[in-house]
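Here the structure is laid out as structure tokens; the discussion comes afterwards.
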């Protein structure tokens, strides 16, 4: 987590801060660090790497939806846009388009352009409220998908780009299972920490205020529209990092990556986990990746045929949103609350 | 109309000029110079007709969506699934009975019944929670899409219109003049014209029903003020179910039309959901005339786009949406 | 009891010669319905004014016109000498005007301290700051002080949706006091409060620093007359009497209309 404090921070202050971190985080942190010691390459690269990446993109949706009350289906488009920018300005097998610039220009540039794109989309989307947002962002995501599929000059149309690889920094192959695991984990933890941190900073608090009561926020002297658009920009950085990592993982980016199905997948992930808390995005991503990887085997074992995967995902999603709008986190909290309740009186504790 | 002209003289003038140019392009015999620039008149007229008739289809889908949203603020993102379901139901009804016309009432009833289930089992339980409605209907559309893929496979289904409707129809539009001085008249598929006429009838009937009947007044009162409607003693839940069933039934009919015009296949549900979204965003949420205008614009944009700039035809419709959102977020005919 | 968030320069500004609030010919039409008609009203800096009148007399509409929640149809509004008639709401807020709402417009998903902190932050810079406030942050300090002023220390970190009605009203007042107000509009602050809470409210209002003036709409005569220097009576969107609390209380017309009636 980013530590910003007065210069007078003392060691006791630091010790208190460390002590205030819930023990579950310690267990999880240590577990994440030592996973490469016993996990297979497949688990590290495919399962965990993919979880961290999808979690990051879903996290950007959680930030907008959970704190800002704006459920955007365009987050996958932002992620894909960043991936495309890396492919276009960096290196790929499509040498006719890719510029081959060095990574330390390409990555900041890609993120910068993603933020610009998201700001424009956000500016359009926040002109309407509530439920319109989801429809408009869905339409924009679809427009981006069709555009990438049709445009050959810049986006190389249907094929997209392949052989988009991470730079070989410090002589490490960052697509190696262990390196990629730590790379994605680093960004997932950073993104998670940043969102958690900002949620208590003026910007994040104001965003939650806008979510709860935009009219009152305006009456307090806040520019509600500007805050909403800024939230899109902030979320785009997270989605963009996720998109670049996603592009590196599969070494390619194509219209299929930013299709409507993927946009809805991100929504499913964020909602299954729970939009209330940043950790929900990663819980959702982990479940989604597990399902996506192993559901086919389970389905075949049940005699249903592997192609019924969408049905399984859809049913799971439907059940969760039908019974617990706050996702698995909401279910967990309900469970905790009912445990604490006295079985005889029904009162608390 | 006169009110609009006095209030927005510039816009009225622009619209009048565009209409005049359009009329001239439709009825006049094109001079050679024009044909050199933008191609043959036949192509233009075909795009125009295809655009208008496609607009009719979009209107059928989107009017149900906008009606449901307008009255109940229910966001039904499973609307595309209702369309696709209607297409499949219509196909099997027509195949089994041999009567194309029978496909329409069957699709209307079956999909309308499905709509009743949605309203009673889903929407009534989460009134006012639009986010939850959205999520649940997305979930339903995922599940239904896969169930239909399971049941009907990934093939394209084509509903064949009966003999008397297939084949071209002569119109009175001149596309060119032969060297002998004899005018060439345009031919256009009969079925498209008939279906378009039907969708106009549906639209006008809906408008009349909403504006001239007691139940229509009740529904419109409900759009303006939910509490007032309950206060009049109207059995609001029954009205809701009825409107939902009707809107869903329209989507089902649209499915049959779509299956006759084009074809139905997995993925068409999302395509038509998106089309409905764009149409109602452009036209204005909850407005039937808005849906008609939006449908016409989007249908025309798609067809002209595919003729004159084929690469970006799909993007063009979204561009229209973006422009409308930027300048009139409530939609062209929507209320602020 | 005092609000420590205010600073010297604000006090100086408030003691200028201009009137705190000056309404000239303000009216508000809703379609053909006249909600306010030709209101003239002058409130001096630091003055405490009660506005009384039956439901529908136009009191809340008057507040909405003053704060800019919606603009008056005709007339002008001056705030400390400056014509603010055409200003958007947030510009008036930045000039030190505050209000409370009758219906709860709080941020229900945030804690008490966060609500007050947001209210303090709204009129200062750094609304987009990505950095958390330090513990010795001035705005955080004034937010903490306000929590104490309205006796919400015990529920400082409780989510607002879990507060009692009375506590929510207290919080509403704390938010109106945030960020160095010069003039506050209280819209029925005592409605729904218990007798104890009402006493606390009177203490808070009478304990405000001398330069902070306010207008209070209140049905509870006891509260209204105890905290105010002058009283304005409204009826059907118009002012029909203005005077000292004692004069108003003894006015036969007023007594006939309001004080004798069943409405408290």
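A, B and C label the chains in the order they appear, each numbered from 1.
Operating definition for what follows: contacts are C-beta pairs under 8 Å (C-beta built on N, C-alpha and C of every residue); 3 or more make two chains touch, one makes a residue touch a chain.
A quick note: this is a predicted structure, and the numbers were derived from the prediction, not measured.
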Identity of the most central chain, Cα criterion: A
Chain whose Cα centroid lies at the greatest distance from that of chain A: C
Mean-CA-position distance for chain C and chain A (Å): 43
Approximate Å spacing (C-alpha centroids) for the pair chain B, chain C: 52
Whole-Å gap separating chain A and chain B, where each centre is the average of the chain's CA atoms: 35
Residues of chain B engaged with two or more neighbouring chains: none
In the complex, chain C residues that touch chain A: 67, 69, 89-90, 93-94, 99, 101, 105-110, 114-115, 117-119, 121-123, 126-136, 175
Residues on chain B engaged by chain A in the complex (per definition of touch): 75, 129-132, 134-136, 138-140, 142-143, 145-147, 149-150, 270, 274, 277-278, 281, 285, 311-312, 314-315, 318-319, 321-322, 325-326, 329-330
Residue ranges of chain A touching chain B (in the complex, touch as defined): 71, 124, 127-128, 130-132, 134-136, 138-140, 142-143, 146-147, 150-151, 260, 264, 267, 271, 308, 310-311, 313-315, 317-318, 321-322, 325
Residues on chain A engaged by chain C in the complex (per definition of touch): 4-6, 197-198, 200-203, 205-206, 208-209, 211-213, 215-223, 226-227, 230, 234
